[in-house]
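Look for subunit A in each of the two complexes below; its partner is subunit B in the first and subunit C in the second.
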Partner chain A sequence: MLATPPAPPEGEGPGETVASRFAFYQRAGGVLTPLVTTVFAFFIGGLVVLLITHKNPISTYKAIFNGTGLNWFFPWISHADRINAAFNLQSTLLLTTPLILTGLAVAFAFRAGLFNIGGQGQYAAGSIVGVWVASSLTGMSGFPHIVLAILLGSLAGAGLAGIAGFLRATVGAHEVITTIMLNWIVFWLAGWLFGQQGPLQTSRERSLTQSNDIAPNTHLHVWWGNPILQGLHVGFFIAVAMLVVYWIVLNRTTLGYEIRAVGYNPEAAGYAGIDVRRAYFLAMAISGGFAGLAGVIDVLGWKFVLSVDDVQGQAGAGAVGFLGIAVALLGRNSAVGIFFAALLFGALLNGTSDRHLDPAVFPPTLAENLTLLIQGLVLLFIGADILVIYLWRARRRVVPRKLARTSST
Partner chain B sequence: MSIRKALPLLLIAALAAVILGSSASAQKSATFKAAMVSDTGNINDRSFNFLASQGLARAHRKLGAQTRIYISKSKSDYLPNLAQAARDGNKAVLATGFLLADDMSTAATQFPNTDYAIVDFPWVALKDKPKNAIGLTFKSEQSGYLVGYLAALMAKKQGGKQVLGAVGGKKIPSVDNWIAGYRAGAKKANRRIQVKIGYSDEFAIGFSAKCKEIALKQIQQGAQVIFQVAGGCGLGALDAAKANHKGKRPVWGIGVDADQAYLGKHILTSGTKKVDNAAFKFFSLVKSGNFRGGRDFVFTLKNGGQGVGKISPKVPPAFVTKMNAIKKLIIKGKIKPPATL
Partner chain C sequence: MADDALALELRGITKKFPGVVANDRIDFDLRRGEVHALLGENGAGKSTLMNVLYGLYHPDEGEIRIGGELVSMGSPKDAIAHGIGMVHQHFMLIPVMTVAENIVLGTEPRREGAILDLGAAEKRVRELSVRYGLAVDPRARIRNISVGRQQRVEILKALYRDAEILILDEPTAVLTPQEATELFKVLRSLADEGMSIIFISHKLNEVLSIADRITVLRRGKKIETLPTKDATEAGLAKLMVGREVLLRVDKTAADPGATMLRIDDLVVADDRGLAAVRGVSLEVRAGEIVGIAGVDGNGQTELIDAITGLRRPASGRIEIAGRDLTSADARQVLDEGLGHIPEDRQARGLVLEFTLAENLALEDYRRPPDSRWGWLFPARLIARARRLLREFDVRGGGPSARAAALSGGNQQKVVIAREVGRDPRVLVAAQPTRGLDVGAIEYVHKRLIAVRDEGKAVLLISLELDEILSLSDRILVLYEGGIVGEYGPETPEEELGVAMTGGGRKVAAA
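And then the complex of A and B:
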């Protein structure tokens, strides 16, 4: 799990040499396997819907699809449907935004051969610092205040993951263990900070275990939808910009080169003169920075306040940090892949909210389980990608033979 | 045709099936529509989400309401659910639990033609104080007082160290009013009785071991009755009582919110908080057009919003008579149980 497969070299189409042909199939598999596995997961999910609820899986999926709001892109839907679709699409993209960033967090560490499983804690650290900065220092004017909150929140995530990176680099403590432990420290820290009589508990209503509201001028601009009812904020573009940053840092900078080299083979990289310890630390810190950024953006974009249950509840859409692992796996650690994987998971989370599922179509109490089911199946099949590639190639070997036979008769 | 050629076609066909069917929109009807939005505890929490859904079911049976439950998976669902409930044409939307307070306040300002109510949160503390919303609050200290009184009488009868225990979920007003009443009621029956209070910081059933641990510690310190005010987590506290419900001085458990006598012989009684009645009252007021927002509905022993559940047959009838006398005094306002610790 720790070692990432080597990135396929550049090249168009199956080449002449064995190596270039192999690279082509890997690339083809790189796009096809996630697609095939996702379709397959939905297919099996549909079978389960059919078997368990005896409802028509097509109508269930149709309701989920409409719930994601992706039908907004269709030119032929009615005006009323379009209004509703716009609301739903805003919700979907609102969930996609942090998923892109937590996906990037996991992917970046992956490229250095590290498994950052603490995205949830780094996300929470970013949220906590973000809400603290944005709710205090109320004298500041809007834009610098937002920038400060985003910077410090990202730094909080980076610092937290940096601890794990530092420990890995110096004493070899495994980052899977340390990041999980750091998660819990942050969760319970939030419980103390925002809990009853906590130092940062809201002064507005003492019965609520949450932070103060952030200053109104630190709300991120909502460019689509109603700013009061969780419209889509500019944080979405920040997340998309980070995809570009991710690609540039990894592929066009010395640091990215070193990190990838360490990811392929730390011994060889060290022998070649790369400072492996520095690469480990920086990879984890940058990774945590992405997750921390996700936390701040959510707070400034639509949460506006952070409650204890919000940080400690780790089910469903609350677990964007953990879902980032799935996003990175499905997106194959590539920027484009992560975007679409985040969109898929965001759409899935929002589409299976039972507000979109008429009880006549699907029992609402089962809606959350359907999300988990499809997510689980996607991950399971992703893990089996080698098998899919093998079958794909086996089929290609079989087809020409069949064709030859039919043409000869 | 090879599979490779067929695959895109299949995908397109599947997509087309999804898309073409998506044109039918919901038809408008004149029936009264009512909904509830759960918190993340889901509706099988055996506590107020469950009770609220019972109230909604009663609205369906007795008022002919078309009902719908919106379950929230996380915080990101609260506001969309509350808004979608209004967009779906529901006239009355019930938000269960103080966790939804801020979002309910926001939604109510955005949908002035929909009436909202929130359980366990006073209207005056709502962020925007919307006129189309009410708070449903409970004077749980009144029920707490009665069960505490009964518990102290039982401890006195059993003899030994005079100690009672209470396990709270979180230190929030809607938990502390139960415990404050419980302690005051116990002191009324026996001035020298000690009441140990612990908090688990959890309500979820997944943390019941934590509540059990707290209860076991209290039992070790001599507690003869354990009162749980921690929802699903608190079932663990009642388990601790069950495990020690033996010998000369059996340990008793007291349930909360719903009547939890079904849990076994170790349940002395339950302090009931009739969220279902409160929810039903809200729905029926909206249905009849008599709803007036901007205030609280306070549920008490007097109006049947609070009560005492089934009492164990092991309790001497004289104790029950004594407790009922106290109940009358509370209803008359002669005794005012404290709401804070």
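And then the complex of A and C:
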């Protein structure tokens, strides 16, 4: 064989599947782009604050930051501040916990080249089954009862997403459509289950459209802070453990290998004997399992009861299931990235809740919407940074991608 | 300084990419009315040079003169304005639109300033196609016409824009031998009309039959420009590669053993449900290469899919080493001892985002030693990859390099390493050298012969008649889904060509 000249690689440029295109941009952007993206989103958010309130956005950001409790890590704050910061940080991490899991749900499907947009429905399915299991079977002792609730709740999420995966695998129905439709089935199912005369409506007060309270011994143990003030429960560790599980499944198991192969190139995977349809189904089911787990953990960790409004009010973009999409995108589908992205959004949700902001300076409605605003900007800029990298590369090579890829040199 | 006979002059063109000098002070000139071939291996810098000329790249150094006048190409628009037309390897046509609509796209004739005058467009297209002997129906839709016709549309598009210099990038890569012959006639008549043509290729026989002069590039440098009458295949190959190349593979006579692959009266439907393979019967024995010749679209894809378990046959029977695998899936077939080099290595052979180690494990990842009880051992994948990469001389990256980072020849070596490394009983090689350069082709051919000599059965499906003739011990011609004849390896190319287009005698396949 001749010594081949250092030919420009044939496969240069973004690939043909979502997953391979994403991997391409990830390599191109590294960790810098998500960071820049986030800073930029905050900067624009600050401009909005300035325009609306005519107040210095720095002080608003300071209030938000202190509201997140992240100042707990600063060694110089006073004892009184530290107590307050600890409480705030617990709240932040309480919100981070489900976001890690819903982020993992989106990311896992993404690695198979699928877009699971139904995290909210799977989260709700997990909550519903979780609250049902934990509020019935009251004779069971605590630990097995919790384990059973977590298992069945996760399975509910897995089953729901599995339907979408199954439809994609068998008849090719696009998972974006089916997962959204399944969301609504769950939302309305909750309306029936917990609504007036519903089979799971609370027996305590017939005018309340909610479930029974879960058994006290199924409450997740609070390991940091005051259980009455809702300190941080052990579900946080479950979420962090799932980050490790996510990495291991993808990189150290044959299933993960299959899913990544299918995500990057389903055709080549099929040629090599990998069952692409099975991979689609399993990837969706596991993805839904993560979201379902988030739902159970929230119920066992701090909700303890589920109302129709809880489920149906979460159909909007600020809900944890949908935020999971932002978390996965900002975290670039990596375990570490998802942790920090979940922390960011958890902190935002908590830091902008109106109790941390002076209502005289900052109208509460704006405070609530600031999270949404920054979330939207982050998503916009993630979309844009992919675009910017694309344009930048395209400009540098001048030649459009199709030409470059197909020319013989 | 301006030479009146020169249509185009490139002086000292240098174009650098990160880590690579794609063009290193290249001089090139084109006389009026000549066909000038640009010959070189993949990666030699041919397309880069032409992209510089066409305004797609800006050169770091050097000048471009057209008709003696110094010009600067800011974009393809400038190039078109200077009378340069380019026919890309992959066509830039819109399938749902008609021939005429595609040709006038971007410079549509208008009535009253705004209304598209399709009638005028069709008339103009008809005039051009008559004048240059490029027969096409202006009203036909692109998706309904053959690839050869589509290429004519691309040429007409350039002519419509008053091109005087025509660049064709690997124009025959997508054509049947017949279509290629027709293209050469068209090019010759265009040149006689005064058109100047740059013909990019890495195929020696083509260049020799069409060009007036030949410029050879190697690793970004111009090696030589010579008149075709002074050139020989062997000489050109040496210029291209930089050393002597075996153009014809050395092989001994086959010593066939037991039948390894047996296909009986196989019928396979295509995606539309129509029978694409119609009653094919064939046998491949251990230690022989059976070549299937045929024009693209005569059932090759469906036949390969059926053998490799990717498509269920409608009827008939497929046996590997005596075992019925007619309705087995891809994994079962692979596990029964089939190796498969797919026709499109990037789409089907490799996961480009995967590392080489992961790609080499694509079929064996789920059994020991690669994995056990679903647990993967990446270190073992890497160890095996290291061994295979050395054995198959893959260059351009180690086990942890991504497949996308390799050149086409090395990517193909990775596929071959995986398939041959599994020690298959039957190897199905579909278009194994498509898009590869001379050196890489030589390697692949030698490997296939070696596989045969190890006593494996090889089924070679190729659109390249040269390849079929130089490798096969027996040749079967596939036409409209059926085997229309069996031929020996010494059969003249013309005879096979006739059979491939339906003129052959019907002979029962062995």
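One rule holds in what follows: the second predicted complex is superposed on the first by the 351 of 409 C-alpha atoms of A that agree within 3 Å, B and C clash if a C-alpha of one lies under 4 Å from a C-alpha of the other, contacts with A are read in each partner's own complex, and residues count from 1 in each chain.
Just so we're on the same page, a contact is a pair of C-beta atoms (placed from the backbone, for glycine too) under 8 Å apart; a residue touches a chain by one contact, two chains touch by 3 or more.
What you see is a predicted model, and the numbers here were worked out from it, not measured in a lab.
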Which superposed partner A:V147 touches (first subunit B, second subunit C, both, neither): neither
Partner chain(s) touched by A:L47 [first = subunit B, second = subunit C, both, neither]: neither
Partner chain(s) touched by A:Y264 [first = subunit B, second = subunit C, both, neither]: second
Partner chain(s) touched by A:D275 [first = subunit B, second = subunit C, both, neither]: second
First, second, both or neither for A:D310, with subunit B first and subunit C second: first
Intersection of subunit A interface sets (partners subunit B, subunit C): 399
Subunit A partner contacts - residues on subunit B that touch it in the complex: 2-4, 11, 17-19, 21-23, 25, 40, 42-44, 68-71, 73-77, 79-81, 83-85, 87, 98-99, 101-102, 106-107, 109-110, 121, 125, 127, 170-174, 201
Touch list for subunit A against partner subunit B, complex: 39, 58-59, 61-62, 65-66, 71, 74, 76-78, 80-81, 84, 87, 91, 94-95, 191, 195-196, 204-205, 207-209, 226, 228-230, 302-303, 305, 307, 309-310, 313, 315-318, 349, 353-356, 359, 364-365, 367-368, 371, 395, 399
Residues on subunit A engaged by subunit C in the complex (per definition of touch): 1-12, 15-16, 19-20, 23-24, 251-258, 260-261, 264-265, 267-275, 397-399, 402-403, 406-409
Footprint of subunit A on subunit C - complex, ascending: 17, 19-20, 22, 41-51, 56-58, 88-90, 169-170, 200, 202, 218-220, 241-243, 308-310, 329-331, 333-335, 340, 342, 346-354, 358, 361-363, 365-366, 371, 374-376, 378, 393, 395-396, 402-411, 435, 439-440, 442-443
